[in-house]
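Right after this note come the structures.
Both complexes below contain subunit A, partnered by subunit B and then by subunit C.
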Partner chain A sequence: MSEQMTLGSMTELLKPWTVASRPVSDTRLEVETTAANIVPAVGALKTAQWGFLSAITGLDNSAAVKADSGTAAASGAAPAHNGGGFEVLYHFCRGPSVLTFRVKLPREAPTVPTLSAVVPSALIYEKELAETFGVTIEGIPDRRRQFLSDDWPTNLYPMRKDFSPGSAEGLAQAAPVAVAEERRGTLGTFIVPIGPQHPALKEPGHFELTVDGETVTHAAIRLGYVHRGIEKGAEDRSWIHNIYLMERICGICSHIHSTAYVLGVEKLAGTAVPPRAQAIRTIFAEMERVHSHLLWLGVAAHEAGFDTLFMYSWRDRETIMDLLEEISGNRVNYSVNLLGGVKYDIDAKGTDSLRRGMDFLEKRTRHYLKIVTNDESFLRRTRGVGNITFEQANLLGTVGPTARASGVSRDLRVEAPYLAYADFPVKTVLDTRCDLEARFIVRINELFESYRLIRAILEKLPPGDLAVASPRRVPAGEVISRVEAPRGELFYFIRSGGGVKPDRVKVRTPSLCNWAAVLSVAVGHKLADIPMIMVGIDPCFSCNDRSITVRRRGSDERWTWEELRRYGISYYGGDA
Partner chain B sequence: MNVVLAIVAMILFPGGLFVIVGSLAYEYVDRKLVARFQNRVGPRWFQPLADLVKLLVKEEIVPAGVNRGLFIWLPVAALAAAFTAALYIPMAGFPPTWGYRGDLVVTVYLLMMMTLCIGLAGANTTDRFSIVGSTRALTQLFSYEAPFLLALLGPAIAAGTWRISEVNGYARENMWMIVTQPLGFLVALIGLMGKLELPPFDAPEAETEIVSGALTEYSGRGLAFFRLGRDVELLVGLTLISAFYLGGLANPLQFVLKTIGLLFITAALQSLFARLRIDQTVGLWWRAGAVLALVQLLILIGLKSLGVHL
Partner chain C sequence: MGKQKVPGVFRSALDKAALWSRINSPWLVHFNSGSCNGCDIEILATLAPRYDLERFGVKLQGSPRHADVLICTGPVTRQARDRLLRTYEQMPVPKFVIAVGSCSISGGAFHGCYNIVGDVGDVIPVDVYIPGCPPRPEAIIDGVVQLLQKLKPPRVARVVARVSGGAP
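Up next, the complex of A and B:
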């Protein structure tokens, strides 16, 4: 109720810049504004300290307009599609409430001003919008590409509806756009590149660290090395195919992606999912959190050169992997979710092994908590290192354990319970020390919370069906689905045109939210601390990169080893 | 000493072949112990040899922008220095092949060559990881080298000689110096770990930050020589410390027991700690290591001047 009031008061506050305002539900408010007014409107929101920028969604309405003319007045609920232009949606979140600014743009020369002066973390989302939709962002400080490959053709925007995956073929630029001349920095400083291939990174990403001796003076990031075109691909697959596509966004938090997706689609379709299914989804989500946090513990210890902890925590992580396999048959992509329910039941035998597994892991986790809070040499690498203050965490829109370790209470399982979290409440794990040690402690304490929750659900697993039927066509409409992934808030925006395929699926993963904080904190630290700070947010690169597939000039899908070798030699200027 | 014996000493025993086999065996024991401490299976017994042979048959890539001569000869110099050091110590419990007044100092310098060569090798390339790595290696050298030398001086002062063989003999006849000079032993053992860049002193080659540090650009033969040289240093260092602090080395059985015992301790230390940052390493050595070694030395000199027999 109070959230309704808050959103209501926002309507008043934003009145000067509003074209139209529409409460979508108790927790969602949509404010239509114009490109000229978006910056002052967001400024007002920031002054009122209301929420954080969670995602920016681009929409291409050209296909939706066609569908409208085809089915005439079929979709009264959907907003009018400004004659096939673009829309940019800025989603601000605060607890369970979402406030969306909708800016409608013409098809020709769509332009919005940058929000980065008001909200620094907007930059990363704006670049994604600019590169994939061709919306010009005015006043952006740095125009280097963030996601698309450097030799991707200019003026070809993959998320537009008139783009077809084949059309980039043969168009790759002969000379890649400004592969920046190596910047040497001023005297005495030089740039240490971390990535795309680097032992500290288990997945490709690129960091440019300007160092003066051992001290970092500037940090920059480049993503997109594993773009797979998932958002675009989703528009070409049925609602059901997409469950499995979304599950493959990330190999670590696969279940939570498909959960966010099915929750959104079920909301659109109005499917009532049986409580037993929701409870089983919750158990899997928590098991996934356990495996993800234990994995992170090992990786973070390895970054600090503490390989013994790495080996031990990964050994114990096998317990949860075995449990996942025992129940679902899979270790990575469990494919638990269906539209309308789940595939797997947890029987008495499964319950028994789960209980035993939780007991074992709880004992081990207690040991690890003791290590990370007591081991002197480890504390020297974590205590007081990589401080993200409460204000920074709040302003830069960090999410998940990273935010909670800075005292920012953001946990959707508590704030906006989904699945079975309303019946089995979770306690928010908070720490106010803001440093790396706090990030360790928060994650480890969340493990205890997960063990407790899994036991509690097993105790009172609701009886009933596992799944109900779900329609093949999903009614037209837009929905936002937010869940708490192991790394933080996962944001899905799904739009249906009423057909068998979605019109748009926008995924904003938690890792993206946390980069801004990391880059600003890295400056001033020793080079040796950087891997720890980067890993402190538990970055997941596959989650960052979803939008694009690149085919280079004259390439075929399948290359022989010899072809690849010759290509490599000629690419680097040699002769084969 | 006649020429034949000298050649045998250099090629078969205690130099050359014996040192290669022995150091590979010690690398195996070290890796296996660390693996077991970390709950891993660890390598098979011939793994260090297989690694060495594999590297030797691989192509050695000389990157652009390096001084070719330095790039190729630095690993050779490092390995040669380590091999030479092996001739001055009571290897396998036998008396050293060569010896003269002051050979202790020469040996310590020979052991230092390795780090110097690695530092130069890193600075020789244009790779940024190598440059950061060699800066760290040399910074670390300046922090542990003095305390390490002081720690080896303790037994020498007690024995009243600078000859390794005489210190060894003195150690065999008196109480183990680990008891009379515990501080020195601690500094020497940990100094050896710093020398060999073993965890937690592996900042110069911290893979999560600077890939392989100074040796990032090395492949094939050069890398094989550096690795083998480091193994030889491990063997020489362990021999030296057990000869000085663990009651001397009289026969091969004592040698194996004492050095493996030391290896057990270093392996445990390797798996116990998180990596120290380079500034923490330097701080640790100058605030604790150097002070401890000095205190030990001052006590010794004080007692000696009072005429106490140690």
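Up next, the complex of A and C:
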């Protein structure tokens, strides 16, 4: 990969498939192409080994067109809206650069071909596009639902502008719906269902692992148990309300979500945020990384059956929780960000506690590093398990510590410094061993880097204001905001129509990028290793679901879910 | 299979023993029906050494079949509603429900989003609500202790109230 592969040279490379090409900034290029040309264009990008597919954004222009005709003189900033049709944006990222393919589609029967043959990780984004926008994906290998619920009406697409949560027919009924017949394995295979309720205590997800004896032969995932419809909700809330909503996308990385959002909005509005505010945001982002990595260390140790480490790391995590609380008043959703600055200052007392906290944690973290690299029984669960090779990690678009543990140097704090990272540089923590142990080591070493960074910023905390005023209406335009969350690259696409509410907020969280890699890596492992592999990317799993078929010797007695349910309730003493 | 028959004489003694052990060691099962994780990690933090909910004999259990108390977080999404109901149904009676966090009480920040069918109370009966976004670990401890008080037979509860100086 040469450094000449800049965005400029990409314009040349993609010329055969380009309708129009427009450099948005030094680091952003937009290439308009057609549905027929998207596959060869992406193929050329892949042959040139340029970047990875970061997100696919759908846009519904019907409201934007109305806004255009209302305020006809909306300058020429926003691109023309193709008569109220749809647009599909494919974002490819490489270091600080983002290349966006824009495909315009008609309102009637919007169709794009699938990219999954060229880019396997596209599948999950394409499913989202198909489910929420009703864009037909031609040739998609798997049409099962991924995000919306099984009982969601077909032909109702929530992200379209003509859908509003309150009005849709048939949605308000709260009657319990019979669960669709679960998928069964074909003869000779056995599927172990995992989740959505499982003892590992984080997001519910549903996995189906096909096993042959103890060995996993196929892995599939069903998401959507916590799909709340936030992207649509954001369109109904003002720019300021949305800070609070974005903060609650994830309770673990709450600050980084609101940071990505405010950075995007500030870029659109042209707000110059005071350096002190940016430095304080950075401190909070790093504190969040510390609490998140310690949390993960505990949960991962728990999956390995090493509960002592779990309890110790969670005990020490309370140190950082106390510090977060001391400065912001909250343990979890700290609400630090405002549009235009921050709410809380770090005074001399806060600085002092932070320094003492970092000293204590550094000592403890050294101890943990020693444990995960020396404890024999623990190493047997991690060393050589769940290998994601450099090529796989690169191709499947993994991000964050998962990618860095496979030697893929992806860290936006280094590649495209935002907040105060330009003034306080971070060192990328890399490991080339590619296994679970590497993922432990990378995360723990990142902790040291965070401690160092927090101390460095405290040393030279810039003086000045905490916040500046930000306009209530944000000028029309589109912006991409990328930040490095504890789990990897977090991608926001924000479009404003010039009003008090956003026109579209697209959020692509880091875990989504890592699923493709994990599912392909799971195959061939023993079932017992699966929780560790899953937890390696930082969600976590164990199991709990039940069988549908009751077999007694010599008979094949099948029960329906409903019969089994009633039997279960009455057996345990309830009224079925 | 089927329920074991217990002779009537032992029945009440067994019930008393079961109640005694339930109050002193309630087992929890956790279900996230659409939460942002904030409450979930606070529940876990409550069980960790600093707050140590386990000193009340509380144990977090993987299977609803072994649990006395269902601890719920988050608003209820369309896809999770049926699973929440099923998890609840799988628990043996008597069973109790604690709803943690603002979302599980009213939908919270996600009120009005299209994939939310309501709060936990809309789907299953709730015994204790713990407000907060997310609630502090102390609040969660208080909620669990309140539930345990509720389980106690009236005579025990009166004695506890007298000793602690509160109203019964």
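One rule holds in what follows: the second predicted complex is superposed on the first by the 509 of 576 C-alpha atoms of A that agree within 3 Å, B and C clash if a C-alpha of one lies under 4 Å from a C-alpha of the other, contacts with A are read in each partner's own complex, and residues count from 1 in each chain.
The rule is short, and it goes like this: contacts are C-beta pairs under 8 Å (C-beta built on N, C-alpha and C of every residue); 3 or more make two chains touch, one makes a residue touch a chain.
These numbers come from a predicted model, not from an experiment.
Asker: If we overlay the two complexes on their shared chain A, which of subunit B and subunit C does A:Asp375 touch? Say first, second, both or neither.
Answerer: first
Asker: A:Thr308 in the overlay: touching subunit B, subunit C, both, or neither? Say first, second, both or neither.
Answerer: A:Thr308 sits against subunit B, while subunit C stays out of touch.
Asker: Looking at the overlay, does A:Asp150 come into contact with subunit B only (first), subunit C only (second), both, or neither?
Answerer: second
Asker: With both complexes overlaid on chain A, does A:Lys526 touch subunit B (first), subunit C (second), both or neither?
Answerer: The first partner, subunit B, only.
Asker: Between subunit B (first) and subunit C (second), which, if any, makes contact with A:Glu214: first, second, both or neither?
Answerer: first
Asker: Given the touch rule stated above, what does A:Leu436 touch, subunit B (first), subunit C (second), both, or neither?
Answerer: Neither partner.
Asker: Does subunit A have more residues touched by subunit B or by subunit C?
Answerer: Greater contact footprint in residues on subunit A: C.
Asker: Could you list which residues of subunit A make contact with subunit B in one structure and with subunit C in the other?
Answerer: Residues common to the subunit A contacts of subunit C and of subunit B are 198-199, 311-312, 315, listed in rising order.
Asker: What residues of subunit A sit close enough to touch subunit C in their complex?
Answerer: Interface residues on the subunit A side: 148-152, 158, 163, 165-166, 168, 171, 174, 176-177, 179, 196-199, 201-204, 224-230, 232-233, 236, 244-245, 248-252, 254, 295, 298, 310-312, 314-315, 317-318, 321, 331-333, 542, 544, 565, 568-569, 571-574.
Asker: Under the definition above, what is the set of subunit A residues touching subunit B in their complex?
Answerer: It comes out as residues 190-193, 198-200, 211, 214, 301-309, 311-312, 315, 375, 377-378, 380-381, 526-531.
Asker: For the complex, which residues does subunit C have touching subunit A?
Answerer: Listed in rising order, the residues are 1-3, 29-45, 48-50, 60-65, 74-75, 77-83, 85-87, 89-93, 108-110, 112-118, 122, 133-134, 136.
Asker: Considering only the defined contacts, which subunit B positions touch subunit A in the complex?
Answerer: It comes out as residues 37-40, 128-129, 132, 199-200, 202-203, 206-211, 271-280.
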